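Same chain, two partners: subunit A is paired with subunit B first, then with subunit C.
Here is the complex of A and B:
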């Protein structure tokens, strides 16, 4: 499969501080890639940088989408791509829908903007979109304001808006975090179904390794703004090579699991106090002096001098 | 609506009722309890005070609305044209804001009188001048409001859908700012009334024949020294009540607007 989105050496700085550094990954056409990491690891910043939605940040590296260099595009071209070919679903649907507009108005907006269809047709299509994402009594609910809908319905409406113009790539930033567990499963099933039907690329961003494991063929693990491990999901989960990935796995509850979950001691280092060497060294059970001495390059899909299972 | 806004609204309602009652009763059936104006014996103190109230309110409302319209226009223009223009609007507004309104108004009054002649300036001229000097503070407030609204998630979500910047400003940001605009408009009204009153009190404003509350108080304050408080106190009371009423409604709405966003 050819790459739909190629992110190469992406670095995002806020002033002198790098929130994301040298991040490289790709999303194939119709493929699903998971971007995982704990809060503050740079997942959302990476997504916003790809979408060109970071204001006041310096973004370096290359982001190619369907052959176009997104970071070099003029604002008007980027604006034309957003919503049409490249769409994003945000974490909190309640906050991401305009509280002052009816759902119908918001759903019809991308259709009118990008497909240039008349208002009545756009609204009719908006109702169909709501039906397609599993909203019952769609015509009535379309006329509601966001606060009149449940969290699950709000997220379905957000997904319908993102899918309105048939994008080639959907970036879903923690799409289920703000939802109940049962609704989480429904929303993920919906995303998988839509993706299969439309052969759409999906970049799924989550702190939940279990969620990503179910949905993604490829996995990119971020820690403190850097990719620490990447590879096929099954392989990474079966035999994680970076101690952080192993720690994340050990802290994920399973049905078979017994006893207490393991925790990763400590916290992600502050942006203003990033260590010179391995950023995980302070929390790593097997860190050695060499880990702290110099930056560790990503080599063979893992950023570790002493990867688990040997090698490198 | 909160208690403060309701109290302010009640005060303004009472003033409006008083003014309307005066208009209805001014045919001569009920005499003004404060007697005639010692300086203009063919006018009662009540007529002078209520007339001043209308003029001051008209000035405050017109110039307040004008200043807010200019503020929205400048703030939107700055945001639409990009960061440089937005910063230029910000700095220009800060520069204007640093110059005392009263001094600018007095200077403009001198210019107007030098050009057109006469001892005073007209009501329409005063409205235009107060509008022209009253845009700076609301502009900074609208700019700040737009900047804080722009950080909300649904704005990023709209951008992610490819909504153009102009449409984003008019369809997504501005509708969220109307309650705030109404609040700053209502808070501008008493500020303008006090500025005009100060200028007129000092003798640089409206003519004695068409006095605002400030002008009336400025031309009659000497009566207080003679113990004739009846000629002065009604105008003072109306001015204080009107300023307090607008301030309380404005602050109440602002609190509600800020509370709604938290």
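Here is the complex of A and C:
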């Protein structure tokens, strides 16, 4: 499989503070990569940097998409790509739907603009996309303004919008958080189908390890802006090697128990107070002096001096 | 057990946009829903997207006027209160919005937005006291002082969500309706916030309606669960009972659709049939067109499902189904 998207050494700074540091991964054509990590670990910033949508930040490294160096593209070319072959579902529905425009208009517009489809056809296609993401009575619902739709309907409208022009790569940032499980299953099935039919690549950002486990072949775990572990999803989840990944798994609620959940004690260090050594050391049950002394490199898929299961 | 806040036969209708050839139509988001929040307890509200959960949450807090029925707080109807009395009640009744982005002011620092309810409702506190409270609560939701000085867009999605939760809790409300409060959060922060909510509720000082489609979260936190389907409560039961043996076929399907680490996709009940809309609620039991149990019934029984609306019956386990599971 050839890489559709290759991100190499991506670093994003807000002023002097690095929110994402030296992040490397790739998404194959037709494949799905999961990006997980604690809140504030840099998942959305990574996605927005790939899309070229971060203003006021300095972005370094290389992003290659279908052979083009995205970070070097002139803004107009990038914008053209974004409408067509590169699409994103944003984490905040409120931030990406225009409150003053009917959903139908918002869906049909890009089809007219990028694919030059006549208005009536574009609208018909928009309606069938809404149906595909599980919106019942789509022709009528499409006429609603965003505030007239429930949270889950808004989220599905955004997914439909992202799929409208048949993108080669979809970056989906927590695309199903507002959906109940039955609709989530339907939306994920649709994405799988689109991937199979059109070889669309998918970068799935999610904190739901259950969802990631059943959707992604590869997994990238971010912590405090760095990749701390990556590998085949099944392996990483079955036998996590980074103590952080294990903590993440342990704090996943199950359908069984009640009462307090296991927490990873402490919090992610603030950007302005990043430790020099391992960034997880403060919260790590097995940290030693060596962990704090110097930056820990990513080695064999794990950024840890004393990975679980040994072998380093 | 004392009911603190309750809905009695609440119906909410909206005008929906018309189709190509017909006029605007009425959409029934809630259809005669009765639900009671017991003081100091946590009730979970689950259900399919568009089933009316947010609308019910808003109606309970007086933010959405019912088309019929009424909402009572401490046995007094919200509709009978003066605007001034309602404003005072705001402090006691708080909502955590589903969409954090839409509920924060884009150009004010998050610190200023979290302190605001204190400025309005606790004017007797000194500035230093207020700031101390804000710092303390931010820390409990896992944010540091550096975050307080930022604008909402300079925070991650989960950080914004925590700001919204802190703002709802700061003035020590009596009732919180939390609409998907943790769905944008990763599991370890979820755990932290849910534990915080557990502490607040187990002290008995806080009554919580937790709206979530995440059954795992509901299971953890709620003593009781109500399941909404197309604007109607179809099942209500103590949490352990509901999870151990759901009685409504919809609840059963909902439980089996939860993705879990280590459980293959194939072993799930996937619902068939058209997705429902509240614009066109099926006759009889609204779930019958998708119901696996209906599909297995014979004709006279099916007819009953198609034509008679089942009432919500039974206590403490209530179910609205002519042929509930386990009978």
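One rule holds in what follows: the second predicted complex is superposed on the first by the 284 of 312 C-alpha atoms of A that agree within 3 Å, B and C clash if a C-alpha of one lies under 4 Å from a C-alpha of the other, contacts with A are read in each partner's own complex, and residues count from 1 in each chain.
In this text, contacts are C-beta pairs under 8 Å (C-beta built on N, C-alpha and C of every residue); 3 or more make two chains touch, one makes a residue touch a chain.
Everything numeric here is computed off the predicted structure, so don't read it as measured data.
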**OP:** Report for A:24: first if it touches subunit B alone, second if subunit C alone, otherwise both or neither.
**Re:** neither
**OP:** Check the contacts made with subunit A and report whether subunit B or subunit C touches more of its residues.
**Re:** C
Subject >> First, second, both or neither for A:66, with subunit B first and subunit C second >> reply: neither
Original post:
What is the contact status of A:137 with respect to subunit B (first) and subunit C (second): first, second, both, or neither?
Top reply: second
Original post:
Between subunit B (first) and subunit C (second), which, if any, makes contact with A:270: first, second, both or neither?
Top reply: second
Original post:
Is A:95 touching the first partner subunit B, the second partner subunit C, both, or neither of them?
Top reply: both
Original post:
So, A:53: does it touch subunit B (first), subunit C (second), both, or neither?
Top reply: first
Original post:
Both subunit B and subunit C contact which residues of subunit A?
Top reply: 92, 95
Subject >> Footprint of subunit A on subunit C - complex, ascending >> reply: 14, 16-20, 25, 46-50, 53-54, 98-102, 142, 144, 146-147, 154-159, 162, 179-180, 183-192, 194-195, 198, 213-217, 219-220, 239-240, 243, 253-255, 257-262, 264-265, 268, 270-271, 274-277, 279-280
Original post:
What does subunit A use to touch subunit B in their complex?
Top reply: 48, 51, 53, 79-84, 87-88, 90, 92, 95-101, 109-110, 113-114, 158, 161-162
Original post:
Quick one: in the complex, what on subunit A touches subunit C?
Top reply: 14, 36-40, 43-45, 91-95, 102, 134-137, 139-141, 143-144, 148, 150-154, 156, 173-174, 177-186, 207-211, 213-214, 237, 247-249, 251-264, 267, 270-272
Subject >> Residue ranges of subunit B touching subunit A (in the complex, touch as defined) >> reply: 152-154, 156-164, 167, 171-172, 175-176
